[in-house]
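Below are the structure tokens for one structure; questions will follow.
Naming follows writing order (A, B, C, D and E), and every chain is counted from residue 1.
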């Protein structure tokens, strides 16, 4: 073996020349996480180096917590194959996703069978809609120990800025993230503003989404997941600044760019969720294009993928991935 | 001894040829729990391999927590022999049940005397009716340590989805289930929707019961216990899906099938409770037939058994067991 | 020494023949606690084998927590000698009681001086009347460590079924009882229904007291302490059963018998409190006769003893003990 | 050295004959704490054997938590030298006090400089008046670890019987006192009735103060600190007993005697606080005389001392000490 | 090397003669913290011995928690370079600040890259404005472990005296400060009165600010951070004292002096925050002059620095530093 070749950092993995070094982009991204231990860095790299987008610095993640969040019929009846937890492992693997995220039960139902085939993210808190409340609070339903036992690369956690219960959730993620990092896991935070502090429109307002990404970043998340923002501005104090500084937020790509900037000037991996199921595929693809054009790091696509028959779901996911990989416009 | 015979996986235990391998069905079921350690797998198998239904993959469990939940007179005065904790051990054993579930005190009162004669489930939280509340919360009255001390195969826990206190209960079962699994115990979750989030009729609505089974499964339970569902649909958002997808819920067997599907497409053991005491035995047996026909894994029969004199209780339990074993229609 | 004699289980300790084996009755009672470790069994036996009633299976216990519960003047001014914590140790010892129960401070003030002279029960939670509340909650004022440090045989704990705070108290006693049993202590639960869930009359209603004893037993208590019940029935659902099953509750002895039955069919030691101070001794003695005739295990006599001058207190306690021992009718 | 002399228990330390044995009175007092380990006994003795009153069984303690409780200007502006934490160490030492009690910050600011010069009591919970509330709750601001680190002899803790938060405070002191005793510290409880359970006049009512001292004693405190009581009786149930038993409470000395009796018949060290700053020194001295005449163990003098210039503060403290020592009437 | 020179305590570090001993002033300040272990003393010294003001006993600290507290656009849009976490490290280092304080995320984003270049303070609790509340409570978002992992010199914590949640915050800082000191870290407390206990004007009232500094000092903080006080007096009881004692509070310098006096007579390091962004630089500089003239220990300048382009920010910070160093008036 030629040690020179073996050590040369050249391209994405697997690269044309057979090198197994991470790509330059991945190494650049890892450099933003210089405070983390090698275990956590390796798990961040696992997520970046898996699937079709390996090495590009972009990610498409399959999240399936809707069974818990909305109930099984609303989640899986449109595509009954999705009642089976193995469906989602297979979908994520076959589509070439970077990772698969789900609550404890769904991961337990496939982690051994698909061991090593796709990086897993244990969604460690969850919420159901059988009890409505103005100020939501997710229940902690997983743990770092469970994530390690199941071979996960990361722990996922939802916070609801704007909820009267936000303090409790911030303190929960503080403790879990600290333990995760000590054990070499990566941390993914879903930051979804909701609750009595903000209006319904405010949940996706550009100022609120940018704020939500900032909070998740300050809490120490490696990966931030937020909703695609609208042009609406929720907070009066914020509106003054957006107007005075003329922050461009007219197009979706501009808003994505602002959120990425609000995430430590792009030095944190921020990905966007597709939201409710769309009837029109082109709408979903356009969102991916805007995320790409705005400098976002990728998409997390749940209902829009697993609520279709697998061939259609694969087609959509691959189209999205192609947008991020540059294989398609 | 012929090693070939000894190793051949042929039939239920005890099998005709004397093999002690688990049946194919039991091994199939165990394959769904591939993330669990051998200790937990062995305890799941203990529950499946005990009693008349051993090896069939079906279960009939005797639960006796009514003394705590409704008070002693309401529970045991109809059959005073049942005041004695030993009655229930004997009933479960003589009827050929798979397991006996009860709170700490009842188990302590017989665990040594009947050691090894029937798998035990420590019901680790309980609730009484001396203080009424809109949003119920069971008190944690047992622990993994106590279950291990008493030689139990599993820990049982009730959650009330729909209660304002559901978050607390989900977090309690998260911690207890994690500890149970680490110690090789199985986890049984009673998932009984109740509370200010849903109507009285909603407690057994088909959408709500299916949701309750999904939540228990996502929380990592090995055995799910839910109530038999009605045709009622509680949630507006769910109704749209049931109608659009034309989910068949017209007969009890269809509803059972939908709940089983909602439990990881049948890859979790879901059993059904008989509910309030029935005057008519045939009604109870018909429920068992519907559970069987819908692909359910069995029944948990409390008040309908122990509130009768033992011969009658044995007769009913054995009739139910015969339905599941195929010995009766 | 004749080993045959030494091993023969014949009579109460100390027995006529000098044997130190426990009596048959004590060994029978211990057999009900077969799940407990030898340490706990030995401490249950210590309580049963001490004082005039040693070996009979009956108990008279002196409890003195009124200083905390009602204040010092209301408790001790009628007999100022009782301000001194040593008074109560001496009274319990001289009267031939089985045990003395008190809060931390009172036990600390005599545990060394009277070490080994009488079994002690640390009353580990307490309540005062300086702040009135609808739903009482005792404060945890002792611990298993403190009980062990002071050489106690048991830990005592009060629960208030019917209080909105009952869940918290059940969870506290779960944790304390588990720790106590692990450390070889016995567990005594005072189960006193109170709170917004029940009426004033309901606190001593026969259905409620029977329920209270059942709850304490299911929580794993070795000794249950309840109030003497009245004929009143509090809960509508319970009344139906009492009437339908024609449960005899007309006399105090019948009600005691029902409570004993409700305590695992008599397989848990249930003792009764005398309640408020009586002017008429005969009333107190009649209560003891009813407890004895109903199969109760004894009395816990506080204010009716220590609020008298010592000679009178000794006279009353000894009269009660004589009723239980069979020395008097 | 003559071992006979060395061992002879003769007098207060330092005694006339040079013996270093504790005085008979101190050894008598220590005998009340026979359940404590030698470490705690030694720290109780340190408090009793320090300062002008060493060996007499009487104590005068300087407490300075007013900076936290009322703010710095209200506490120290009348005597600006008192802003400096060293002032209070010096005042307590020079006046010949038995001990100095203060919150964490004040002790940290002098514990090293004055190490070994006066026993210290870490006031481990505190309260400020910037947020008014009906039911006060002090924040835990110190710990046993901090007390040990700073070389304290005791931990101090305030409870507010009568507050809706009293349960929480009782449970906090239970935990802290247990840890303190295990580590050989003494425990001082400030028992100050306040809150929605009692009236303003009730805070110093004789029945309430006696009750407060009883609660602190039952919680296991070695030193009890209460306010000087008035003739007012707060609780109806208590009034009946005070009248029926004709408890003498007409003079301050009689009331002190009743409180001492209520503190385990005088077998716990109970000291009294001077309360608000008095304009008239004679009033303060009269209070000390009443405490002495009623059998109280001493005074805790805060604002009445440190809010004066040091010479005047020393004069007052020494006058009070002289009353207790017998050097003055 | 001449040991005489090496040991001679002469001047600020780095001193003219090349000695590395701390300055006399620094050693004087360290003498106030005589209860702390060498680790904590060394970290206090690190803060005092870094930057332009090294050795003078004065500090200018850059705090950047506004991203969390007010959102990213309101914080960084006026100077978009500040979105990048590295900007603040560089600004603090280039300006010659003593330290840089920020939440977990911001520190993680530069702690490795700028390791050893400036002392760091982990702001361990944070608050956002997406949910408004009358009684604020910051969420604990950092820990001592995280501070140690990131190489911080100190942990920072905000309390809100006057909030109904103040008890909880005091107990949190008690636990964190104890752990920090045990691990050799310094403790910085931001004491910002807010909440239902006080009026808006009261938040900066002189009596309230002085009280806030006293509370932080009593809680054991090494560094206290308060707002510049106004002449307003909030509390009636306090007003009487300010008037009776004629405490001079007419000028800002007088008020600073009073706050310093209220901080253990100047024996705790108390620094002042500049508050909202000023349009007029001279206003900021005048505040620094008043702090200096009143004996304050320095400024903590956030928005007034990082919301400008770096050259302007550096200019302002250096002007402030010059005022404290004596290089400017």
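In the analysis below, a residue touches a chain if its C-beta (ideal position, glycine included) is under 8 Å from a C-beta of that chain, and two chains touch if they have at least 3 such contacts.
Bear in mind that the values here come from a model prediction, so they are computed numbers and not experimental data.
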Fewest hops from subunit A to subunit E - one hop per pair of touching chains: 1
Proportion of interface numbers common to subunit C and subunit D (over half same, under half different): different
Gap in Å, rounded to a whole number, between the CA centres of subunit D and subunit B: 59
CA centroid of subunit C to CA centroid of subunit D, Å: 37
Two or more partner chains touched - positions in subunit B: none
Contact footprint of subunit A on subunit B as seen in their complex: 32-36, 161-164, 166-168, 170-171, 174, 178, 182, 193, 195-198, 207-208, 210-215, 217-221, 235, 237-238, 241-242, 245, 247, 258, 261-262, 264-265, 267-268
In the complex with subunit D, residue positions of subunit C that touch it: 67-68, 70-74, 76-78, 80, 83-85, 103-109, 111-113, 126, 128-133, 137-143, 145-146, 149-150
